[in-house]
């Protein structure tokens, strides 16, 4: 099973609406089971540096099948995955990336959001996720 | 002036329809005046290697304000721009990338398409362009 | 709106004068609204490693429309943006990068300075900024 | 001996004037004896993709102490330096890069120009060179 473009577009649409509801400007990226980019949008005026970050959050979430923020808990100084961000050409491990699972719990992709506080980023990613799960 | 997300999404939609009409599976990328990615979609089953190529075509078209295929005419062995592809982190200079201009002729972004023959790629990019110009 | 070369050169000139007044040797970079390099100078004898850092500071400031030092406050261990520096091909998040805004408050570019203490780097960037705003 | 910033700025100024005289929009880069960037300007409206190319031309000319176009003669298919462009993170070997020598013939830096035909690029680089030699 793999995330479809139709699912990715539904996630992006819901995420954009949530971003607007929060009065934020977001970059929203969706990757498939192979961690390849399937859909992306940059809202007008959103941070340019968050284009790349949203994609890295999505990939990071799929690479390890967990929320990016959970990895960030483990990558702190003294932690078991200290500086894991150096792998895979650069990971982003703060909140905003969430895996997408099918009805059996298999990870079929991930969504990554960047453009505001990490709390808002995560909330927008969750809104996108809910549209397809 | 800069390309808006609304314009980029209209271009992507038209390009997807053209891709379907041609019975092809495409990756479609749109960049703004600063060559930053604004919108992207990967049609289900399209070549994975063309995700990156579609983005590079869009950036290349914006970098030089011309169709990617026109640059490829100049970058051949013995040509004036031989191996220009090594610049800017890697250019793609075969057809499928087209600049987007505003009503005054200013370049405000570009569209890049990859997934089939370069003729089809270019035709799909043109269909996307027509939707917003 | 976008930063012009005339503005960038005025900023560079003022920054060089401030650097001399502080008895420092600086690298000074200016990027436009698209985070593309518009002007750069390396003062004779300035640190070679700061050539790249000055450019990254300018890009980082434009990427997130804030002073680089403010991002560095958030990217510390335990902070919400821990290790954000791994994105965008490498960010620099200590002081010395400042966004440039037009009269309406729109970000039209950024200046980045590196070559001395971060306090001096920031002071020189501010001097450059003042020449054009 | 090394190229000074004063020399680099004189070269940039002369190159900009020549670019204007030719009715072109150029990116102009100057590197020192260590192939490090000393001065750079992007003329308003010049190709964004030529920012990187001008810098690569300058570095390439210093790396081998010869005009970039001369290297391009040797890097063609079947030639002795075929695809040398793959080295050093990416070389540019078509005209527009020229070494700068001191009065004893020692190479102390290089100038690279990109933004028009390779003939114009080279002419503008030569105008910059003449201002300091």
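Note that the chains are named A, B, C and D in the order they appear, and that numbering of residues resets to 1 at the start of each chain.
Quick note on the criterion: a residue touches a chain if its C-beta (ideal position, glycine included) is under 8 Å from a C-beta of that chain, and two chains touch if they have at least 3 such contacts.
Only a predicted model underlies this, so the values are computations on that prediction, with no experimental measurement involved.
> Would you say B-C or B-D is joined by more C-beta pairs in contact?
B-D
> Pick out the pair in B-D, C-D or A-C whose interface repeats that of A-B, meaning over half of the contact pairs match by residue number.
C-D
> Mind checking the centre-to-centre distance between chain B and chain D? Centres are C-alpha means, answer in whole Å.
29
> Per the centroid of Cα atoms for each chain, what is the distance between chain C and chain D, given in Å?
Computed value for the inter-centroid distance: 25 Å.
> Between chain B and chain C, what's the gap in Å when you average each chain's C-alpha atoms?
32
> Two-or-more-chain contact residues of chain C, please, as numbers and ranges.
Correct list: 32, 34-36.
> Please name which positions on chain B make contact with chain A in the complex.
Against chain A, chain B makes touches at 4-5, 8-9, 32, 34, 36-44, 48, 51.
> Show which residues of chain C lie in contact with chain A when the two form their complex.
So the residues of chain C touching chain A come out as 34-35, 59-60, 62-65, 77-78, 80-84, 86-89, 91.
> Considering only the defined contacts, which chain C positions touch chain B in the complex?
Going through chain C, the ones touching chain B are 32-36.
> Once bound in the complex, which stretches of chain A touch chain C?
That would be residues 47-50, 52-53, 56, 72, 75-77, 83, 85-86, 90-95, 117-118 of chain A.
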